[in-house]
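Two complexes are shown next, each including subunit A; its partner changes from subunit B in the first to subunit C in the second.
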Partner chain A sequence: MSELFLILFFPLVGFLINGLWGSRLQEKSCALIGCAFPLLSLFLLTYKTAVSDFYGVSILFTWVSFENLTIDFALKLDHLSLLMSFIVLGIGSLIHIYSTKYMHGDQSFARYFSYLNLFLFFMLLLVLANNLLVMFIGWEGVGLASYLLIGFWYKENENASSGAKAFIVNRIGDIGFLLGIFILAFHFQTINFDEINRAASTANASATMINLSALFLFIGACGKSAQLPLHVWLPDAMTGPTPVSALIHAATMVTAGIYMIVRLHPLYMQATAVLPLIAVIGTLTALLGALVATVQSDIKRVLAYSTVSQLGYMFAALGVGAFYPAMLHLFTHAFFKATLFLSAGAIIHALHGEQDIYKMGGLAKKMPWNMVAFLLGSLCLAGVPLTSGFISKEAILMHTYSHSHSYSQTLTILLLITAALTAFYISKTFFLVFLPSKNGSEKPLHAIAFAMSLPVIALAILSIVVGLFHIPAFMENYLNLAKSITIKEEAHILIPALSLSLSAFAIAIAYLITVKQIKIVPKILEQKFYFDHLYEKVLLSTLRAFCKRVLATIFEVKIIEAAIWSMRDLVLFSSRRVTLLTNGQIQWYVLLILMALSLLMVWWFYV
Partner chain B sequence: MFKFTLGLSLFLPLILLLLPSQKERVVAWVNMGIQLLLLALFFTMLTNSELCEFSFTLSESLGLHYHLLIDEFNKYLILLTALIFPLVTYASIDFIKTEKKLFHLMLALSYLLIVQTFLAQNLLFFYAFWECSIVPMFFIIGIWGGGNRLLATYKFVLFTALGSILMLAAILFLVVANYKISGVFTFELQPLLRLQETLPLSAQRWAFLAFAFAFMIKIPVPPFHTWLPYAHVEAPAPGSMLLAAILLKMGAYGFIKFVLFLFPAVVEEWRLPLMAIFVLGALYGSALAFVQNDIKKIVAYSSIGHMGILMLGLVTPSESAISGAMLSMLGHGLTSAALFYSIGLLYERLHTRDLFHFGELATTMPRFSLLFFLITLSAMAVPPTLGFASEFFIFLGAISYSLKMVITSNHYLFIAVSGAAMLTILLGTLYSLRLVKYLLWGKKSEASLLRAGVRDLNLGECSVFTVLLLFIFVLGIYPQFIIESFKLAIKGLSIS
Partner chain C sequence: MNQVELLFYGGLLIVIIGLLGVISRKNLLSILMFQELSLNGVNLVLVAGSILHHNYHGAILSFITFIVTAAEMAIAILILLLLIKKRKTLDVTFYSELKG
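Up next, the complex of A and B:
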C-alpha cells in the first residue's frame, strides 16, 4: 500500500524542487522535473493497477483522536478513486508536457511548474482521501493552487483580483463544506466515507441531519464546481495561463464537487429533500451558462461558461439520482474540454495572444491539425452521435426524463434547450475561428511546437475513443454505483431524436449568423445576469461600507473611544472640582472642619 | 533542573546589567544565548515529563507561598514563550537603534515576569507578576515606540491596570470568603478551588465578573480592546511581536486557570452570553481588519478576531473545542509573531506602513513574499497549517455542542452563535487576501517606486521565519502530538 503514498507524494517532490531551487535551474531542467514526477506517478499507478489489485485503505498516521471522533490521515483506493486518479494524472501529465512549450520563455517558468505540481498533489489527495478531512485538505489545497495560478501573472492588477475572487468565492463554499463535516461528525461520530455511507442507510440515522449535512456539503460543491450562485469566479479564472484553464478549470478541479457527491452517494440517496435542489440548481446553471456562452467573444470565456454549463448537467444528473451518468459525463467532459482548451491555447499562442473570436478567422488552412482537434472537441461538446459527449449527455437526458418527480419533465426540457444552445455557441465559435473571414489578422503565425500539438491530438483522439468500444458500459459495471431509475421505453428514441434535431437546427443557425455576420448581444446576457454586479457592487461594497462607516467610524470611534475619553474627562473634571477645596486659605479650612464636625454630630445624635 | 532554569531566568537581567553598555552586540548575543539555553532547558524538562514544582513559604499564616508549577495548561505556553523570546531578541538587533542595552534589559525582565505569571500557583504572586509584566512593555513602547507613543502607553497601562484592580479585589474577596468558610487564610489556588462548592452562586458571579473583566481587557475582547491597536501601532516591531504572541495569551491563560477552574458554575450559567460576546468580538475585530489601511492595524485587529475564536473554544464544553483553543494559543502566537516581524522588516526597508504604498514585492523581495504568503495561509486557516487545525477543532466542538443543545433542549441560539462564528473564516480570507494583494502583487505603487533597491531577506531573517513556519506546519500536519497531552488536563476541567 505504501505505493499509494509514493504516487501521491511524487508531485509534491516536484513542487519542492522547482519551488525551492527552480529559479537557479535552466528552463529545460525545470520542465524535466516538472513533467517527470507526474509521469512517475502515472506509470507507478498504471503498473500497480496492471500487476495487482491494490485496492484498500492505507493509514499514514492519526491526525487527531478525541473521545468520540478519530480522524486518520488515510488514503483509499477503490474503483472510483482509481478512475479519477487516472483522469487527473493522465490529463495532468499531457498538460504538463504541453506547458513546457506554452510557457517557454516566461520569467517564472519554474514557479509555474511548481504550482502545477502542487496542484496535482492536492488533487490526488482530494481524490484518494478516505475521509472528509483529508478531502478537505486537498479541496482547499487545489483552491490555493488555483488561486496562485489564476494570479500567475500577478503584475496585472486584474489577474491578482481574479485570483482573490476565486479564492474568496470558494471559501464561502468551504464554510458550507466544513459545516457539513461537523454535522456528520456530530451525528455519526465518524467522517470516513465508508462508515458515513453505511450509517446513512441504517434506520436510526436522522433524516434531518442527513439532509442538513448533504445540503451544506452541496454548498461546498457549488463553490468548487462553479454552480449557481457561486459560479462567478470561474469565468474570471481564465486570466491564468491557458493550460491551467484546461487542467484545473475544466478537466479536474471543478469536477471535485461532483466527485464528492458521488463518493457520498449512499448518503445523498437518503437526502431526499436536497436532491431536488441539486437537480434544479444544476439545470439552471446549465441553462444560464449556455446562454451567457452564446454572447461571449473571448474564446476562453466561451469555454469557461461552457464548463459552467456542463458542470450544471452533471449536477442535474446527480439531483435525479443518476450518479453513473454524472460520472460518465465528468469523464468524457474532462477529455473533450481539455482538448478544446488546449487547442484554443494553441490558437492564442499562434496569434500572439489574441483571444477575441471575432478577430480570428481563416485558421482552418493555417492550423489544420489544430482545427481537427478543435472540431472533435466541439463535436463531443455539441453531442453529435458517435462521440463520447453524445453518449454521456444522452444518458443524463434520458435519466432526467425517466425520473419520477413531477418537475423532471420541465428539467428535461430546459436541459434539451441547453443542449441546443451548446451546439449553437460551440459551432458559432468554430465557424468564426476556422472559416475564412476578412477579420483575421495577416500577421504570420507563431509556430506551434510538437510538444504542444502532441497532447492536443492525443486528447482529441481520447475524447472520441472513450465513447467507443463499450467503454461506457464497462465503466458502469466497474464503478457499480447505486441505481434508482429505470429508463422509460420511449426515452431511448424520443430524447436522441429531440436533442439531435434541436442541435442540428442550432448549428444551422450558427452557420447562418456567422456567414451573415450578425451579432446580437442582449443586455442581460452581456451583464451575465448581473451576478457580478450583485456581488461586487451590492454585497461587497455594502460590507465594506458597513465595516468602514458603521463599525470603524461610528462604533469604534464615536461610541467606544468616545466613552473611554468621556470617562477620562469625568475623572479630570471631578478631580479639578476637588482641588478647588484646597485653595490655601485657613478660614476656608476651618469652615470645612466645622461643617464636617457638625455633620458628624448630627449623625451621632440622630441616626 | 527546574530550580536552575528558574534561577537562570531570574538572574538574566542581572547578568545583562553587568555587561558594558558600549558593547551592544555582546549584550544582544548574551541575551539571546541565555534565552536559547533556557529554551533547551525547558524543552528537555517538559519532554522528560519531570515533576516541575517549586515552593517556598514566605508566610504560613498569610498563606503566601512562592509556588511555581508546570502543568498541562502552561506547559506549551512556557515553550511558546521560550521559543518566541530568542526570536524577538534577534529581531531587536536590527530594529532597535538606540539604548540597546536598556532594551535587552527590558526584554530579560519581561521574560522573567511572563514566565513567572504562567507558573504562579499562588493568587497573590500571580497578581503581582501579572501586574508587573506591564512595566517592561510600558517602557518598550514608551522609549522605542513611534511618534504617538505616549498616548499608546497611557492607554495600555490605564486599561490593563483598571482590569487588574478589579481582579485584586476579587482575589481578596475569595481569600477572605475562604477564611470565613474554612478558617484557613491562604492565597494558594488549590485550596481556593473548593470555593466553587461552598460559596453562594451570587457571590461567585461577582467574583467571576471581576476576573473575567481583567482577562477580557488583556485578550482583548471588544469593547475593551481599543488599547491594542494603539499599542501595536506605536510599539517597535519586537514589542509588537511580544505583545501579540505572548501577552495576549496571558489573558486567555488566566481565563482558563482562574475563571474556568474557579467558577465553572457561573460559566455554565452564562455560557450563551459569553459565547455571544466572544463571537461578536471576533466578527468585529475581523470586520475592522478588513477596512484598515495601516498594515500593522490590519494585523492588530485580526488578532482580536483570532483571540475571539480562541475564547469561543474555551467556553465551549467540548474536548475538541478546548483542545482547539489551546492549540490556537500556539497557532496565533507563532503566526502573529511572524506577521509583526514581517511588518517590521517592511518598515525597515520602505519606512511606511500604508497598505497602498507597496506592491510587486513578489518581484523585488521574492524570499520575503514566499515566507509571508505561507504565514498568511496560517492566518486565514488554510490546511495544513496550525491555524487551520486549531480553528477546525474549535468550530467542530462549537457546532457539535450547539447541535446537541438543539436536539436535547430545542435551544437554537447556540447554533446561531457558533454558525455566525464561522463567518470569521470568510472575513479572515477577505482581509488576508487584501493584504497579500496590495503588498505582494499588482504593480509597484508610485510611493514605493521612489525608493529603489529594496533588499531581500538575508539568511538570519529567513531563519526566523523558518523556525516559526516549521512549527506552524509540523503541528498543523500532526496536531495529535499536542492534543494527546491535553487529554488529561481537559478531563480536569470536568466538562459535561
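Up next, the complex of A and C:
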C-alpha cells in the first residue's frame, strides 16, 4: 500500500476517533486530534512531493470485475490531483486550526471536527480517484459531509431544512453524474479517466455518446458547483458554521465540478455540442450571482452569491475550452474566497453573531489585521492588478474574447459586466463593514484569538502570493492541459483596460452609494431573481398539487387503498364462502348429505 | 309399466318430494310434515319391494317404520311446543346454534 492511501486515510482516522470517542474527550484533545490528522496528511504529501516524485496509480483492490469492465479501487496522483490535494489539505488544515477557536465552547465540538475530517477524507478521495466510480464515492461523501455541516446546528429548523435543501438539489445533479458514468461505461467499457480520455480522442468514438455523457456529467457538476439552475442550495448553505462555508462552500467542494471537467477535458473537447451550453450557463450564473450579491445584506450571503458567480466564471472558461484559466481561477479563488470567508467569520465572531452588513461599520480601527485580510481578499475578488484574482480573471476574459465562436463576444461583454458588479458589491461590503458609520454598534467586541487570526493572515498572504512571480506560468506548464485557443493580439491590452476601467467605475459608485446612502435597488434582485419563488410557486406547488390531487386522491385512494381493501375483501369474501358450509342450518347439512349421497349413488351405479 | 313399478316409483317420488320439502321449508311444522311424507314414501317403496321379491320382509319393516314414526312424532310435537314456548317462533333460520 502506497503512502497515497496513508494520506487519504489519515483524516478518516481522525473522523473515527472524534466520532466514536469525541464526546468523552476534552475539547482540547478533540481539537488536537481534529487538526493533527489533516496536518499529518499535508506533511506527508509535502514530504513525498519534495523528496521524490511519486506520481502514478496505486491500486488498493479490484472492486468490480465483469466480463469487459474492471473497476479498481485505485488512486492516482498526477500534477492536477496533486495541485487539488494541496489546495484541499492546505486550506483545510488552516481552516481546522481556525475552527478550534471559532467553535470554542460549542456543545458538539467533537462532532464538528469529526465531520470536518470526514469531509477532508471524501474530498481527497474525490480528488485522487483514478476512475469515475471512486470519484463518485467522494462526490457523494462530500455531499454528505456538506449536508451534515450545513445542518450542524440542527436544532434551528432553518438550518436543518437548508441542509436538506442542499442534499436534495445535489441529488438531482448526482443522478446526472451517475447517468454519465453509465453511458461512459456502456460505450467505452471503462470508467478510468485516462482510458476515457484516450478513447474519446480516437476516431471511432461515437459523438452522440460523448456529448450525452458530457452533458450528464455536466449536470452533476451543476449540482455540486451550484450552477444555474441548481445553484439555489449554496446561499442557504451559509447557515452552517462560517469555517465550513469557507472550506466546503467556497474553496473546495463546490469546485469539484470544475475539477471533474478538467480531469476529463479531452472528453469535453470532443463534446462540441455541450461546451457552448457550459459556456452560456457559466456566464449566466456568473452574471446572476453577481447581480444578486449586490443587494444581499447578510455578509455571508454576499460571499455565497459571489462564490456562485465566480464558479460561473470558471464554467464559462471551461465552456470556451480554456481549461487552464479555469483551473487557475479555481486555485486563486480558493485562497481569496477562503480569506474573505474566514475574515467574515472573525467579524461575525467579534460582533457576537451579527451578520447584517448594514448594522456594521467602523471595524477598521477595531480589527486592523482582519481589515487588511479582508481588503486583500476583496482586491483579489475585484480583480485589482498585482493580485492573483486579476491574473486568473483576465486569463478567463482573454480566452473568452479570443474564442472563435460568434457568441463569445456576447459572453465576454457579460463577463465584463459581471467583473464590474463583482467589484461593486465587494467594495460596497468592505466600505460598509470597515469605514466609520453611525450604524456600527457600540458593544465591546469579542476578542479574536491568535489561532483565528493566523489562518486568516496566512490565507490573505497566500492569495496575493499565488499570483506573484512566475507561479501562474509555472502552473500552466506543470498542469500541461490541452489548449485550443490562441489569445488574440489586441486582447492583451483591450481586456485589462476594459475590465479595469469598469471595475474602477464600479468601486467609485459603491463608494458614493455607501457614503451617500442612496438605495436604488430593483426588487428582482432582492428576490434573488425569483428563483426560490419560481421553485416554490411552480415546482413545489405543482408537486404539492400533484401529491394532493393525484397521489393522495387517486394513487393513494384508488390504487394503494383499493389494493389493500380489495385484499381484505378477497379474504373476507372467501372466508364467508367457506363459513357458508357450516351455517348452523340443519337443512343445509341435510342438503349436503343428500348431495353427497346422490353423488355416491351415481358413482356406485355408473362407475 | 305395471302396478308394482308404479308403486315403487311413486313411493320414490314421494320420498324425494318429502326430502326436498325438508330441505326447503322454513317452518318447523311443515318440515315435520314433509318428513312424515317421505317416511310414507319409504313405506310404499318397502311394500313394493316386498311384492317384487315375493316375501314379507318389506311389509314387516313398514310396520316397524309406522311405530317408530308415531313415537318420534309424539316426541317431536312436544319439542315443537316447547320451542314455541321458549322462542316464540318456528322459523328454522333463527335456530342456528350449530353455526361454526
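Here is the rule we go by: the second predicted complex is superposed on the first by the 552 of 607 C-alpha atoms of A that agree within 3 Å, B and C clash if a C-alpha of one lies under 4 Å from a C-alpha of the other, contacts with A are read in each partner's own complex, and residues count from 1 in each chain.
Methods note: a residue touches a chain if its C-beta (ideal position, glycine included) is under 8 Å from a C-beta of that chain, and two chains touch if they have at least 3 such contacts.
What you see is a predicted model; the values in this text were computed from it and never measured.
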item: Partner with the higher number of touched subunit A residues, subunit C or subunit B; value: B
item: Touching partner for A:551 - first (subunit B), second (subunit C), both, neither; value: first
item: First, second, both or neither for A:182, with subunit B first and subunit C second; value: first
item: Which superposed partner A:601 touches (first subunit B, second subunit C, both, neither); value: neither
item: First, second, both or neither for A:579, with subunit B first and subunit C second; value: second
item: Which superposed partner A:587 touches (first subunit B, second subunit C, both, neither); value: second
item: Partner chain in contact with A:144 - subunit B first, subunit C second, else both or neither; value: first
item: First, second, both or neither for A:174, with subunit B first and subunit C second; value: first
item: Contacts on subunit A seen with subunit B and repeated with subunit C across the two complexes; value: none
item: Interfacial residue positions of subunit A with respect to subunit B in the complex; value: 23, 61-67, 69, 133, 136-137, 140-141, 144, 151, 154-155, 157, 160-161, 164, 167-168, 171-172, 174-175, 178-179, 181-183, 185-187, 543-544, 546-548, 551-552, 555-556, 559-561, 563-564
item: List of subunit A residues in touch with subunit C within their complex; value: 579, 581-587, 589-591, 594
item: Parts of subunit C lying in touch with subunit A, wherever the complex brings them together; value: 19, 22-25, 31, 92-93, 95-100
item: Subunit A partner contacts - residues on subunit B that touch it in the complex; value: 222-223, 226, 284, 287-288, 290-292, 319-320, 323, 360, 362-363, 366, 377, 382-384, 388-389, 392-393, 395-396, 399-400, 403-404, 419, 422-423, 425-426, 429-430, 433-434, 436-437, 440-443, 478-480, 483-484
